[in-house]
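Below are two complexes that have chain A in common, paired first with chain B and then with chain C.
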Partner chain A sequence: MNEFGPLIHSFWYLLRGAAMTVLMATSAAVPATIFGVLLALLHIFGGRLMRSAILGYLFLLRGIPLLVLLTFVYYLMPLTGIDLPPFWGVVLVISLYYAAFISEVFRAGILSLPQAQWDAARSLGMTRGLMLRIVVLPQALRLAAPPYVSLCVSLVKATSLVSIVGLWELTMASREVVERTLAPFQIFIGAAAIYFSICYALALYGRHLERRVLLGH
Partner chain B sequence: MPFDPHFIARLIPALLVGAEVTVELAALTMAICLVWGLVVALANGVRGPLAWLAGGYIQLVRNTPLLIQLYLVYFGFSMAGFGLSGFASGLLALCAQNGGYVAEIYRGGLQSVSIRQFEAGRALGMRRWTLYTTVILPQVVARVVPPLTNQSIAIIKDTSQVAAIAVMEIMKITEVWVETSANTYDVFLGAALIYLALTSITGLVGKLAERRLAFAQ
Partner chain C sequence: MPSLFMEGTLNDASSSAIELAPPPQQRRMLEIAGLRKRFGTVEVLRDVSLAVSAGEVVVVIGPSGSGKTTLLRCINLLEEYERGSITIDGEPIGYRVDGRTGKRFRMSEREIAAARQRIGMVFQSYNLFPHMNVLQNIVAAPVRVKGVERGQAEARARELLAMVGLSEVDPVCETAGAAS
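On to the complex of A and B.
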């Protein structure tokens, strides 16, 4: 086990990095989800102008790599004089980026409801707000839950990119340790194992939700 | 000063050189993953230790960040004695990760074909080979094209991460040009436009293929 000495010695440091990764992912996932649901609703119920604005947003955000956006904001912030802490800068970019993907997942969930559900709600005299709240959203959210969870896994993995623009989290921590110990193989395997336990736990939860959706049908 | 025509005239050829590397990397990854993903999906389908191995591989690569896999291959392998070039490391890591995703796409496509299709074919006395080549596979192909298109777009965007191991593709060239000139806006706009062009073209090709295969739905 001598080869894995460096990993054992620095494991606590890597775990602190992992805590930062989780904090960053959570801070980005919450606004991304809210904004994503909002985008999905506006996409479906908004007017023509709103719809084309959202389509433009989706086209831009889904066609450009997250790393390009992160680096752009990294170089842009000093130029424009926006005095935002780097942590919130990257959290903002990641949440705007994932909101685009999340909105597509929720939109698919809402659109996959059979027309009869809408007709039934309307024929009961429900207003649009009530119909959304007690008929459409509960079913749509359940349908959208499994792909939403896999997007969250992808978001956790994407936080590793912020190490390229100099923020400290698990990937940055492992690079620091590698520079000190010159044991890249062991340390990166350790970092991968930590990422795996976070993401696999999420993925298992997603699979559990998927089974529930299938049973519900 | 933004939008300086002389600067843009020098910038565009440089970015296009990077775009060539990006396209090569993405195309090779996609070509290899189409085959490798099939191998993994088939291995995952048979009972026994092979399925266990393939399933473990899929979960492992899907639940760890590409960046960590890149570092592991690039720095880890060279420490272990067989160093790979940046391009080769990038290709290996991209194929390892996306092979897992493509395998899951194949599995989803096969599972989405109704069991009745198999039963009907057998009831008509079709041989297994005929059943698969004339009934099942055309439907599977039609159903995997949309997710494979999305995966190709994701691969193009993922290639930006090999900038972290100093491969001179679009992202790395963007970084170099931003740091050596003060023209942040022009450089990022150029890079974003090239990525948007690449992802849009891929999306269009996917749409065309989808339309061609619509008969099998």
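On to the complex of A and C.
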């Protein structure tokens, strides 16, 4: 096992990088989800102007690679005079980017509810807010759960891009170790295994949510 | 004078309304006048007028596609209609006509929701809420819309289930089976 000596020696360092990855992913996923649901609701119920604005946002963000967006904002920030810590800068970019995808997933969930469910809720005299809360969203979230979990997994992996703008997390830590140890295969096998573990755990938790919590029984 | 009359036609002339029980009183619960509804170029309801008194049971009969469901959906404002008026217990619902200009306005969502609370409707395919169990389906509207206390609503729901011979059914079971 001598070949894996470099990995074993630096494993703790990589794990600290992984902690940073998880922290960054969580910080981005929460606002991305909230903003995404909001976008989906405004997309469906908003006026014509609101709808065009949201469509523009979606097409723009979905059409630009995240790496390009991160780099662009990285160079843009100093020019605008906005003094945001780099960590929050990338968290902001990632959450705005993923909100676009998440909103489409939730919109699909809401729109795939049969018209009959809306009719039933309306005929009971429910106002729109109540209808959304107790009839539409509980069912729509269930429908949207599988693709939503996939997006969260994708978001975790997307944080590896931030090393390009100098933020330290698992990928950056791995590159540092590789420069020191000159053992790229071992180190990146380790990094891949850590990424896989995080994503696998997330996917498993997602399945658990789908079955237990969202189905209700 | 018959308490129920129906003028005009659904889009099929063979549709008719049949009076099942004589009206115990003459209080008009539902009054529809000159209702007109079209889907694109198809005129589904052509000048439908009818009145139903309190206590009366009325059946609307007609071949499929003749507009029975559309008529019911208009009453509950699940469909918009172009002309005519619907009055429930003396109160116009759905639209308000400006006295001076004669322009017709749709009532606010809140007003319409309030009107719907007083109208019961059973859909052809029931449209139960699949994410709720039997009991939750029954108490959803009383508790969340009318603000009845939950325990009270559930007790009433069990009474109603017993009344229709469903007391043996586990009320917290899935709704899919309950529909059948």
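As a convention for this text, the second predicted complex is superposed on the first by the 205 of 217 C-alpha atoms of A that agree within 3 Å, B and C clash if a C-alpha of one lies under 4 Å from a C-alpha of the other, contacts with A are read in each partner's own complex, and residues count from 1 in each chain.
In the analysis below, a residue touches a chain if its C-beta (ideal position, glycine included) is under 8 Å from a C-beta of that chain, and two chains touch if they have at least 3 such contacts.
Note that the coordinates shown come from a computational prediction; the quantities given were computed from them, not determined experimentally.
Superposition model on chain A: chain B and chain C are shown accommodated side by side without a clash. With both structures placed on the common chain, the touch criterion links A:Ala116 to chain C but leaves chain B unconnected.
Seen from the C-alpha centre of chain A, the directions to the centres of chain B and chain C diverge by 100°, a value given as a multiple of 10 for the model superposed on chain A. Within the superposed three-chain model, A:Val135 lies in touch with chain C and out of touch with chain B [touch as defined at top].
Looking at the shared chain after the overlay, A:Leu66 reaches chain B, while chain C stays out of its contact range.
Touch criterion met: A:Ile164 reaches chain B, while chain C stays clear of it.
Judged by the touch definition given at the top, the superposed model places A:Gly56 against neither chain B nor chain C. Of all C-alpha pairs linking chain B and chain C after the chain A fit, the shortest spans 21 Å. Of all residues in chain A, those touching chain C in their complex are 116-117, 119-120, 122-128, 130, 134-135, 138-139, 142, 216-217. Listing the residues of chain A that touch chain B in their complex gives 59-60, 62-68, 71-72, 75-76, 79, 153, 157-158, 160-161, 163-164, 171, 174-175, 178, 182-185, 188-189, 191-192, 195-196, 199-200, 203. Residue ranges on chain B touching chain A, taken from their complex, read 59-60, 62-69, 71-72, 75-77, 79-80, 153, 156-158, 160-161, 163-164, 171, 174-175, 178, 184, 188, 191-192, 195-196, 199-200.
Contact residues on chain C toward chain A in their complex (touch as defined above): 73, 76-78, 109-110, 113-119, 121, 123, 125, 127-131, 140-141, 144-145, 174.
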